[in-house]
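Below, chain A partners chain B and then partners chain C, in two separate complexes.
What follows is the complex of A and B.
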């Protein structure tokens, strides 16, 4: 099967131990689509059970897909797959970053870069199309991500793209990131690069991505997609009442309105009211700065930004002159948890002389973001802050830190909300200074070392979803059992936005229920915080959400925007088009696939992920070993029953039933949650079934 | 004199008229450079075209590069930053001059977020066409855009070197030069820009845009 378009056709393999650089065809991996799929296939084939994430035998795979770099809407994501250091059993996982690194990879001619081994000394990988070399990184080792990216760009040329680790990654801090551009971070795998002595990858690509189909038809398809796209997270109604809009929702990220400006642009630019048909204004809809940083952020906003081929622009770019006082650039960009994650370590509000509370909030959050990004520390989706504060409030910090170290902490700055506290906190984490650095190892390792009691896990305010040590990420607050089960299926926080985007679209419940009934059956979604027990429609919604998430990370499309289940168009009755991914895929690659066929490819990838989890845990019962919750989900709101109004409480029996129904829907053993031989064979994964059987892990 | 050159000279409103009308000529060289092609403008760049001008309004550009993808796919059937006739990516991260000492405060996504586009001006005296030893660059009848005839192009790169803004590009996969042809009037990059940072306007419209922008 020759690859005609979409895929670059070549995978780059770099063995840092032997300094061998080789190439292989992507064809072997085409059934795994790309990105995440290639990553799991490589991990299954090449990384033995029991491998430590920081061992030479581990692989780290930078993967992109057949739609990356084609110009398909929101197709600028890089998927990074490796063993996850912060995971208790070092399960396989993915981290993702946006920006422009992914498209540069494609233009250089690669669908994936597979890294293995360990360099004898710090190196960076230089990729200029077919010219690939390992370069001395001694000058960059010890530098933050901003200087590293800039230094490598100075060497490679202004049109290159760089992904790099900071000091946290170098020092194999479990919670560390790989970063590209001013604001794009992939959380979790920075330490793996550090363990391999690989500081960065720089890429210049002068080639192209071929479109197998007719170029005019492609252009029309992209235009049609522009017509049904919403704001960030595919929110399809404005946040304020607007004359053109039938509905509005204050929580919508479609925040543009009259009188709201990019206030720090060279001249103020009004976001204004943006009607759905105004394609040349899509980029103004999502004024994310005020969502992430509060109302004072308006005057600091230079513009919005984001990833390649994305019209939506969810990253806020700000000019905050006050940041100079904290030794960081006054130009700062980020989005969502990139701002709130670092902020989470602070006690609460900021106090900055001469600034209002709202201004101080902007200054504080942006300072934290700049410093965490430069050191390359990952917040574990906000968990590091909750862990720090739990250790303070429950007396652990004072107990476990040597007195000299404890006294050296500027807790007075923390108490009064001085952003300067970020500098010493993140320095200590990134350089593994003292006992405090245990916070950077992840919740599981932290709880074990500092002796946190069971109450740490069962306190709902700690938000820990399972004993793996990762927090909620659109879990039971997202359609109850639906988000609840989705959050248990991965080896870190679930990075699935398929269900959340749908639930947050802003359309009224009756419209949403009509659409959900068409897609998954009656009863798939409930009124928020008034949930009903699991049913077949909810299970289909769960499976579909996961499968599309996997599909997007393989194609690669942004799951923070895709799929297009809804649209802002009244004339379409607010329906979107869930077949768009398969239409783009068919046109880019020339392989005609239906929506269902493409979903089956993604199902293969997710099933392989499940098999990998069983293999790495050496588990014959993933229901018990992997999928069990910490308990607060069932015990919260003691005065309320599950399935009553006003609570997101789950029911234990209902949760177990939901697992059983999902396992059945996925073709897994209904008792153990391990994929069956029959299902693995059906998905062309017979070799996986054989391996599981050889290991004694195949239960059906 | 070519037909296009004649058209340019006979336009109802010439570029000189435009500058006179908007008062720029009286303001002085510093302000004037703000609007002139190839200047060190930080806010808006204005480019002459055969029939008018393409405006890249830097303050509205968010660096999505939808323009480059839609250009290259539409014209070549493949997405490429090199063959894209509107060029944002080459200045994207650190501005037109690349990494400089004060990059933190300089242009580009990694600096102060100012994005600068390089776009074909469809010059009155096109250096690319005048330099081409094969006479492979001709004027399109409909738009007056300067267009490369791939049958005549021998891939020598003379046009690439001749253009002050580096607009013509040799497609590394075909070794044929390519440059902006205004999509024969369609201007896909302008149509697909999600913030309206690109506009293809006649001289009349340019004056109106100027008035609206500065409320004069």
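What follows is the complex of A and C.
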């Protein structure tokens, strides 16, 4: 089928071992949409079972989708697929980054870049439209991400976009990132680039993305979307009571209000109140700085930034003059876990002479963010900090580190809350200096090497979701069993925000329950901390949340904003439009698909992910081998029963039942959680069924 | 009854609402007297606004104050916001906080973080906050349902036990002030 619009139509393939650069058509992957879907298909077809993430045979795929670069709202995400080094069985996973790299790929004419092999010496990949070359990276090897991105940008020009690894990636630290722009990181696969001697990819694209549909209709659709978008995470009520708003929620990221300023802007910029109809002021709605860094961040905030085609701007750009004392740039940008992840390694609050507690908090967190980003160390969604503190509090650190190494650690700085501690911590991780660097290998490898007991996994404060070594990420605190099961379906922390954005929209429970009943049936959501057992509506909510997450990572749209289940508009009864993705897809590509049909494409991709997991684990029972929890989820709050008020405790039998119901809904073997031949065939994945059968992994 | 007076009153109310304010029958009596060069009493204004709200201007809403009637237009001000402004205008910060806590516990449901009451539109004096919270939590009659909850970082919340159990309020307070900072 010929591709008319949306897709660039070409995939770039780079074999670093042979230095061969080839191109192929995207058509063969169109049933997998793009981004994540292309990544899984390539991994299934090309990477043999048992391949190590750092082996030449492994692929790393930078994928974008048919909506990337079209101007559809929040369509600036790059999806990176590869084997995950920190995962015990090296399962396939994805890391994602925002910024402008994704759209530049499209403008250069590519839907994906597939990289394999290993360069004989450090290189970087230079892409200027059709002119693609491998360049000597010796000058950048050993440099942090900031210098690397700056250096390559200086060579390619200011209109280029660069994705690079730091020293952590070079040294094949499992927990390492790929970073682009001033603040966008994809956590998990930096070491894969390092293992291939690939320091960076620089892209300049001078083309455009074709839209198959009518231009005016496209603009109207985009305008309609602007009318129903909220703030970051599609929060649709303001955080303070405002005259125009029927509801408010202090936890909402719609922070704009009178008297709130970007305090370090060249001239005073007040966010003011931004009403739903003020589409040109959406960028003022979310002042993430004060959410991530506390109230003192207001005076340090220069502006908010973000990704291509995103009006929401969730990345805080700050000027923090005090950072000069720690040897890092005073211009800092990041968001969410980019700030809280590094902070997690510290004992608690920061102490900085002459600074208030709130100011010290900004200085401390931004210092950690700058240093971790430059070395390119990933926090495993905050787990590295909890691991470090577990090792300290349970006496492991003193026991496993050689005496000389232990004594060389500036634990006095850690005790005092001195941000200078970040420098030596991250340096040791990034350069694999000494035993401490084991923290950078990820929870599973760390626990094994340092001999952590079972209590490491079962302590709820460690937040470890499964023994695959990843933590909670909108898990049982997000509608109980709903978030609980979603968190078990991937090979790393579930980066799924479909359910969480809905639950955190800020609307009152009765409105939320009406909307959820329309979408998934009665009983899909409960009152917070008063959860009920699994039911069919919850299972539909689980499946829909995962499928839409997969869809967004394939199209690519930002799952921190999409889908638009809700809106800030009272006149719409706060309803959003869940068919928007299919409307954009149909208009961009010219393929008329319904909402349900597009969801089925995403279901194919998720089912392929499940098959990939079975293949990689050589498992005939994913329920047992993959989907089991660490235990604290069932044993927490010993004085409370599951399904009682005030707890998010899960029930073992209910969890197993939820898995069974989800497997049934997905068309997987209800016992083993392996996709069935019938379902694989229905989803046009017969070749996958054949391969699973050949491997002895097909159970039904 | 002169339609132009009712139109004037409705427009004055709408103008105030658009600016985020309530207006009352005393202010409108003064404004009307100036505009029409004719004497209007607060009672006359109250009667005319009530009539207008029933027929020509259904967006006009009326709130009862202790010594006056306050007005807003639903075109640009929500009921919940107007209720807060009404309590603020009454100068009764205890009632303001108690009614807000009850509404939030019932509606969302969630416990109400105490610090929000310092900010607009509540504008409760910071040094009064703890005092009010303690007083409400200790009250055994009119406010006996209002209770305190605290997160481990020291943030204090109030909730109504009519709509939320303490264990639920405690969980939500801890999530909001502590745990959600790590999971975003």
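Definition applied: the second predicted complex is superposed on the first by the 700 of 700 C-alpha atoms of A that agree within 3 Å, B and C clash if a C-alpha of one lies under 4 Å from a C-alpha of the other, contacts with A are read in each partner's own complex, and residues count from 1 in each chain.
Keep this in mind: a residue touches a chain if its C-beta (ideal position, glycine included) is under 8 Å from a C-beta of that chain, and two chains touch if they have at least 3 such contacts.
Because the structure is a prediction, the values reported are computed rather than measured.
Trainee: Determine, for the superposed arrangement built on chain A, whether chain B and chain C clash or fit.
Mentor: When both complexes are placed onto chain A, chain B and chain C end up side by side without any clash.
Trainee: Taking the superposition as given, does A:100 touch the first partner, chain B, the second, chain C, both, or neither?
Mentor: first
Trainee: Figure out whether A:265 sits in contact with chain B (first) or chain C (second), or with both, or with neither.
Mentor: The answer is first: A:265 touches chain B but not chain C.
Trainee: Does chain B (first) or chain C (second) touch A:257, or do both, or does neither?
Mentor: After superposing on A, A:257 lies in contact with chain C but is clear of chain B.
Trainee: Chain A residues in contact: does chain B have more, or chain C?
Mentor: B
Trainee: Would you check which partner chain A:247 touches, where first means chain B only, second means chain C only, and both and neither mean what they say?
Mentor: In the superposition, A:247 contacts chain C only.
Trainee: Using the touch definition from the top, say if A:181 reaches chain B (first), chain C (second), both or neither.
Mentor: first
Trainee: Chain B to chain C: minimum CA distance in the overlay, Å?
Mentor: Least C-alpha distance: 18 Å.
Trainee: Would you tell me which residues of chain C are touching chain A in their complex?
Mentor: 17, 20, 76-81, 84, 107-110, 113, 116, 119-122, 165-172, 175-176, 179-184
Trainee: Considering only the defined contacts, which chain B positions touch chain A in the complex?
Mentor: 42-43, 58-66, 69-70, 72-74, 76-83, 89-99, 103-105, 109-114, 172-173, 188, 191-196
Trainee: Where on chain A is chain C touching in the complex?
Mentor: 240-251, 257-259, 292, 336-337, 340, 344, 382, 463, 472-474, 477, 508-510, 527-530, 640, 644-648
Trainee: Touching residues of chain A toward chain B in the complex: what are they?
Mentor: Interface residues on chain A, with respect to chain B: 69-71, 100, 103, 107, 129, 146, 149-151, 153-154, 157-159, 161, 181-182, 205-211, 215-216, 218-219, 222-223, 226, 262, 265-267, 269, 279-284, 302-313, 317, 319, 329, 331, 333.
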